[in-house]
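Presented sequentially are two complexes of subunit A, the first with subunit B as partner and the second with subunit C.
So, the complex of A and B:
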């Protein structure tokens, strides 16, 4: 009787652990996306897809060149853009002011080139189209306007 | 009249004009869309001081360093950074002088590896490498005391730099350039200063670094690449005119997250002469801040410096400074900081080093720092 009871308890524990692990894995895959509102676009970066880690590396100015040798040029939403808070929290884990200060400080240190700020997605798309090696962020609703520039972000 | 206005020749002229204007406007728009190659920034600060409360109070406003900052991309791999500052100088008739703080060309020769030539900030400790003149980026009002006495803040030379390498985001700087006794135009000896610095960022917002600096100071003379402000005057008063071996070991740990801010930087400095032996000097600076929200960051910091009585370069003294203050970030381009500080001779070390004792001094400062 006791043996049967302990088996049942053990099975229950296993189920709980399995559910917990599933939630952890499922949660991780959700967090792997930058944000459902955000689409990454790029021009001649040599990548149709990037990992989340790589995307952050390039967007934060920590890597200056793409694997194809093109210089990384970062295009970001300006304070006027509706997308700015999403990019600031998702990529830089800070506020819009914090994101702007992050870049001002990085440029002041002489560690990287300054990024370019745009008020609308249309401006960002146009800039990325005209600059090889550029990476930018637009709202998911405008994904179709830059279909040929979209970079998929994977785990 | 109407016939003359809309004559075929005039219409052809307007047509041509429209085509030229259309072409010109398109070209202008295109140029705007392409990346700009040069960017100009400006940094500066204004201050109110109420100090020397124990010896006769002073109350005054002052204009701090006004910093013209320019970056330009010459090619995809070569860039220029220039920083010219107008700052207070008591020896100048107008009490202000222009100063070239940085003029450097950077060549990104391979991925995140670069070669830099020109006048630059030395990569000694977090403060000098990251903030230097940028009061806007300072977490507090003032620099650590070591900045004025121990840290050679500039050099003019060549630097190999690497950054964000590997998983730990390792970085290195190897520099050789004009030493402490030199100016931006010449040096008196054959030897150059050498320094090496490493840092790594194992997690976001954390940077840990260490550095080593060596210079052979000709005639114990302090030029333009020594510590800022008082050290130059202090050294000018030094009686010893022989050569000095100068070594500086530094360590720094910085953690600046959305809530907690922490910085520690410590230095051990050895100055040696053939006849007088070796003097060991120390400094340590610790800052702790906590962001209550997006705007307010109260902070506390402790700064201490001890120059040995054997030292012939800076001269024997000891000081500690306890600071309590608050930073208010108006925007990313403007902040206001205020602090109350108690500055005192380092009583804890008086017995061991027989330091001159003096009265404690208090100060109150408000600083407005801007950059855009």
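So, the complex of A and C:
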């Protein structure tokens, strides 16, 4: 009875640990992806993968040069884009208008080069392809269209 | 101190003062106009820039086009030293309260809400987009413009100061040259005043200008003074001789007069009706035998019995010429030497003051009076004689006959 009970208790603990570990791994994976709907793309950034922190630094215009010395050019979804709220929420932790104001403030202060805004993922992909050092955000469903530009975001 | 009284300095100081004051006024006016022109120009520049940036902000927010804003902001950044602040304000859509959204200023304590137009020149342009409304404000401090004007004019100030220094120095030399003939004239005029004719060193000029005329006039004056001086000397000598001669004559006359007076036992007196004082000549002392200092008036020397008669004659108005004979008072005390005097007088008028004064003579007539008394006695004796008496002159002519 005691053995059966201790086995059950042990199994329950194991289950809890397993669930906890699963949640931890799954959470990390989700966080590393910024958002399940978002894919980060880049051209000659010198990195195929970036940490979340680095990604935010480049996307927020806080770091203006890549490790390979290329200038960072940010491509963002415009107000008309469906992806704009996702990018605003995920990257800038604000609304689309807030994101505009954020960049207005930066550009007004002359701290960084201004971002380029595109209404569709195709336009973003084309821009990134044509501009070295560019970083952009597209919808996850269009990931295959820019398979060679995708930058993996890791923890 | 002598320098300040110098004629060269006086000429120079007026010119220099006028030059410095007018230069100062020109600089002040020029600087003021320059500042106004710069303020006007910079005001227009500010207007253009605020309008461009406001447009850039609208494009950035409405059209997602930050390129125009970047260009205009970059323009501001490249000319940052010409501006003092760039402010992007945001207006609250509900309260309409304005707050600073973004600010570029090198002033650490700059407060947009305390903007003062006396300290800053600023322009603002409103922008409006779906996302936000606000204003772009750009400004320049007036001090910066003043400093800018002064800094840009510094070479002009130094050049002007240099030119002024050179000009005034040169003019001082010109003033010295200009005043040299005047100084010469003044120095020689002083010599003339001090009668140092031998040191007079102006040579007659051929020039017909004012200085030449002045110097020639001084030369003429010197000649004239010398001539006058010689004439005066001659006159003085002549006058001196005449005075000496006349004085001698007068003295001689006076001596003779005194002698004559003494012989005639005659003295002179005068009486002032205003001061009621007598003046007697020294001879009176000899005539009346009383010290002159004791004789204040005739009462001191005449017999009391004659006082009324004397005063009636001497003080009647108007005074007519009079002649009275009376005995002296002093002689009464010494009966051995009884004296008679005759006092004559008449009123004369002073030509200068027009006032009347009395003058006259006092003569000792004792001998005549005694002779008269002796004659009366002898005559009485002849008249009362019982003998016949005939008196003839040297020609046997009968003068008197007593039967």
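In this section, the second predicted complex is superposed on the first by the 124 of 155 C-alpha atoms of A that agree within 3 Å, B and C clash if a C-alpha of one lies under 4 Å from a C-alpha of the other, contacts with A are read in each partner's own complex, and residues count from 1 in each chain.
The criterion applied here is as follows: a contact is a pair of C-beta atoms (placed from the backbone, for glycine too) under 8 Å apart; a residue touches a chain by one contact, two chains touch by 3 or more.
Treat the numbers as computed from the prediction; the structure is a model and nothing was measured.
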item	value
Subunit C versus subunit B on the shared subunit A, clash or fit after superposition	clash
Touched partner set for A:130, first subunit B, second subunit C, both or neither	first
Which superposed partner A:117 touches (first subunit B, second subunit C, both, neither)	second
Touching partner for A:101 - first (subunit B), second (subunit C), both, neither	both
Between subunit B and subunit C, more extensive residue contact with subunit A	B
Contacts of A:38 with subunit B and subunit C, given as first, second, both or neither	neither
Subunit B versus subunit C as contact partner of A:109, first or second or both or neither	both
First, second, both or neither for A:138, with subunit B first and subunit C second	neither
Identified clashing stretch of subunit B versus subunit C [23-31, 257-265, 311-319 or 329-337]	329-337
Residues of subunit A at both interfaces, subunit B in one complex, subunit C in the other	97, 100-101, 104-105, 107-110, 113-114
Partner subunit B, residues of subunit A touching it in the complex	57, 62-65, 70-71, 73, 93-95, 97-98, 100-101, 104-105, 107-111, 113-114, 116, 126-127, 130-131, 133-134
Residue ranges of subunit A in contact with subunit C within the complex	78-79, 97, 100-101, 103-105, 107-110, 113-115, 117
List of subunit B residues in touch with subunit A within their complex	30, 33-36, 39, 41, 43, 69, 71, 73, 76-77, 79, 81, 102, 104, 106, 108, 111-112, 116, 120, 129-130, 134, 136-137, 163-164, 169, 204, 258, 294, 329, 331-333, 371
Residue ranges of subunit C in contact with subunit A within the complex	57, 60-61, 64-67, 69-70, 73-74, 76-77, 88, 101-102, 104, 131-132
